[in-house]
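Chain nomenclature is as follows: A, B and C, assigned in order of appearance, with residue numbering initiated at 1 for each chain independently.
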Amino acid sequence: MTGPMLFDAEYPLRDESAANDQFGSDVLTIDIDGWEGPLDLLLALARNQKVDLRQLSILALVEQYLVFIDQARTLKLELAADYLVMAAWLAYLKSALLLPKDPTIDPSPEELALRLQLRLERLNAMRESGARLMGRDRVGRDVFLRGTPEGLRVVKARAWECDYFELITAYGQINARTAPAMHIVKKRQVMTLEQALERVSAMIGRAIDWTAIHAFLPPMADPALRKSALASSFVAALELAKRGLIDLQQEATFAPLMVRKTAR
Amino acid sequence: MIETDPDLRAVEATLFASDHPMTVEQIRGYVGDSVDVAAALSQLSEHYAGRGIELVRRGKTWHFQTAADLAHLLRREREESRKLSRAAVETLAIIAYHEPVSRAEIEAIRGVQISKGTLDVLMEAGWVRPAGRREVPGRPLIYATTPAFLTHFGLTSRKDLPGIADLKAAGLLDPIDSAMGEMLFTGEESDAELAIDVNNA
Amino acid sequence: MIETDPDLRAVEATLFASDHPMTVEQIRGYVGDSVDVAAALSQLSEHYAGRGIELVRRGKTWHFQTAADLAHLLRREREESRKLSRAAVETLAIIAYHEPVSRAEIEAIRGVQISKGTLDVLMEAGWVRPAGRREVPGRPLIYATTPAFLTHFGLTSRKDLPGIADLKAAGLLDPIDSAMGEMLFTGEESDAELAIDVNNA
C-alpha cells in the first residue's frame, strides 16, 4: 500500500508519476524532488487515502511516511534533516497511539494526531483556495481592461504668489538701497570756543589758586553738552595760556588739569 | 433619457479614459463635486449589465472590463501571464485568507520556510504589501493583500474569496497551533527539500 | 433586447480590449465569420450616440473613444502655489515701474545681477513678457508687464502704481534708512567722546 499509492496520477503537480505508478522505488528515484517539505509529502500521502481529510487514518498515514523515508534511505538518497525529524516524531506518535493509554502524557497521542490532521487540513485548504483563486476570471487573461485608455492627466500648474504690497515695498526698498547716500547729522547743543573763551577769561580773575578746569564749566544736565563744554573750555584754556594769561598744570597723565591766573 | 444625463456621461467618460481603476473620490476629482458619483456608478453598472463591457467594483475602486464569458474570444493572442510557482500561489492564498500574517505564520501553515523570492514575486505583481508589524517580540513584518489583488482576481471584497466563509466556519482560518509548529517546524531549511542525487530536472 | 445580442456583445468587447483601431475584417478574426460585424458596428454606434463613450469610424477602422466634448474632464489642473523669491519680486517691480527695460537696465537699477531663472519665473507666472529689442548695440531684449499682471495686482493701468513720493509718504522707503540711521547715530556716539564739535552749522 505504500509506494504506488504515493504517486496517484490525480495528484496534479507531478506529471511523471503516472508512468511509474507500479514501482515505488522507481518512483522515488524520479520524483523525490517535488516535495515542498515533510508536511507537503504528508499531505500528498493523506490524499492518497482518498477519504475526507477529517476521516483520515493517521496511523496509516504515519506508516506510509515511515516506509517512504525508509525506501529513500535504502536508495541512499540524502534526506534533508526536516524529513528525518518528522519521521522521528511520527515514529513516536505511532508507538504512542499503539501503546495502552498513559493518562499522564500531555498532550495525549490522540490530541497530537488531531493537531497533525488539522495542519494537513489547513495546508490542503490553502492549496485548494490558491488553485481556485488562480482559476478566477483574471484581468489580462479572462477579462480585459480597455486597450487604449486616453489616460487621465493631472496638469500641475504652478501659481506664483506675490501680493501688491510686496511688490511696491520691494520697489521702495530698491530705491532706498540704491539712492545716493546723503548723510544728515543731527544738530547738537554745543558750547562754542568763543563762549568758552569768554567764560574762562571772566572766571580766571577770581581764581587765585590752582583750580581744576571742571570748575569753569557751567552747571548743566546734558552730559553731551557737558562734554562739549569741557572740550571747548580745554581749547580756551590752551588759547589763554598761549596769550600768557594763565598757567596750566597736570601732575600726571589723566590727572585733573589745573588752571590759575599767571602770577605777575 | 438616461443616455443624455450629463453627470452619467461625465462619470462614464472619466472611468473609460482612465488607465487604472478609480475610487469614487478620484472620479469626483474629475467630474466635480456637484455630481453624485455613487448614484451615477450604480446606474451605469445597471446599464452595462449583460453587455460586452461591464462596469465592476473591486474593493473601493471601479473600472470597465470585458465580460468574463467572452474570454474565449479575446484570449487568443494574449500571452498567458507567467505562471506563478506553487509556493507563490499557496503563499498568496495564505496571505489573502489570513491577512495580515507574518512570514513565520505563513511558514507554519506551509510547513516549510519560504524562500526570499516568493514574497518578492507577489509584491512585484502588486498583490501583496507589507502592512505594518505585529506587536510581539521581534516585531515581525506582517503582510496583506492590495486593492490591485482584488482587481486582478475579480473580487469585490475579501469576503468574495472562494470558500472563505466555509473555511472560517470549519476553524481552518483560526490562528495556527503554535505548539505543534514549534515542535516540528522550527528553523528548518526548506529549500533543501529531499535533496537528491537523482534530480530529474 | 439589444444588450443581450451575443454578436453585439462580442464586437463590443473586442473593440474595447483592442489596443488599436480595427477594421471589420480584423474584428471578424476575433468574433467569427458567422457574425455580421458591419451590422453590429452600426447598431453599437447608435447605442453609444450621445453617451460618454463613442464608437467612431476613421476610414476603415473603428474604435471607442471618450466623447470629444468631455475631453476637458480628462485633464485636471492642480495648482501648486509658491512664493516668488525676493529677487523675482524686485525684478517684477522694476519692470513694472520702468517698462520696457532690458536685463542690463534691471541690474543697474537693482544694483545686483539677476539670474536667468528669475525672468523665466516671471514669464511663467504670466506677468512679464518680452517686448521687442532695444535699438542699441547688442540689441538687448526688453521686457514689459502683461495684462495678467494688472489683473493679478488689481490695477487698471500702470499709472495706478504708487510713485516714489507716495512710497516715501507711506513710510515704505524708511525701513533701510532708519536702520542705517540707528547704526550711525547710536552705536558710534560713544567713540566720539572728546570730539570737538566744529560742524554745528
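Note that in this section a contact is a pair of C-beta atoms (placed from the backbone, for glycine too) under 8 Å apart; a residue touches a chain by one contact, two chains touch by 3 or more.
Keep in mind it's a predicted model, so treat the numbers as computed, not measured.
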Relative to chain B, chain with the most remote C-alpha centre: C
Centre-most chain, if every chain is reduced to its averaged C-alpha atoms: A
Most extensive contact between chains (C-beta pair count): A-B
Intercentroid distance (Cα basis), chain C paired with chain A, Å: 35
Distance between the centres, which are taken as Cα means, of chain B and chain A, whole angstrom: 30
Chain B and chain C, separation of their C-alpha mean positions in angstrom: 41
Where chain C touches two or more other chains, by residue: 13, 16-17, 64, 66, 74, 76
For chain A, residues contacting two or more additional chains: 144-146, 150-152
Interface residues, chain A side, partner chain C - complex: 144-148, 150-164, 166-178, 183, 185-188, 190, 192, 227-228, 230-232, 235
Chain A contact footprint on chain C (complex, rising order): 13, 16-20, 63-66, 74-84, 86, 88-90, 92-94, 96-97, 109-111, 121, 124-125, 127, 152-155, 161-162, 164, 167-168, 172-177, 184-185, 193-197, 199-200
Sites on chain A touched by chain B in the complex: 13, 16, 29-33, 35-41, 72, 77-83, 85-86, 89, 107, 112, 115-116, 118-119, 121-123, 125-134, 136-146, 149-152
Complex contact set, residues of chain C against chain B: 3-4, 8-14, 16-17, 30-31, 49-53, 64, 66-67, 70, 73-74, 76
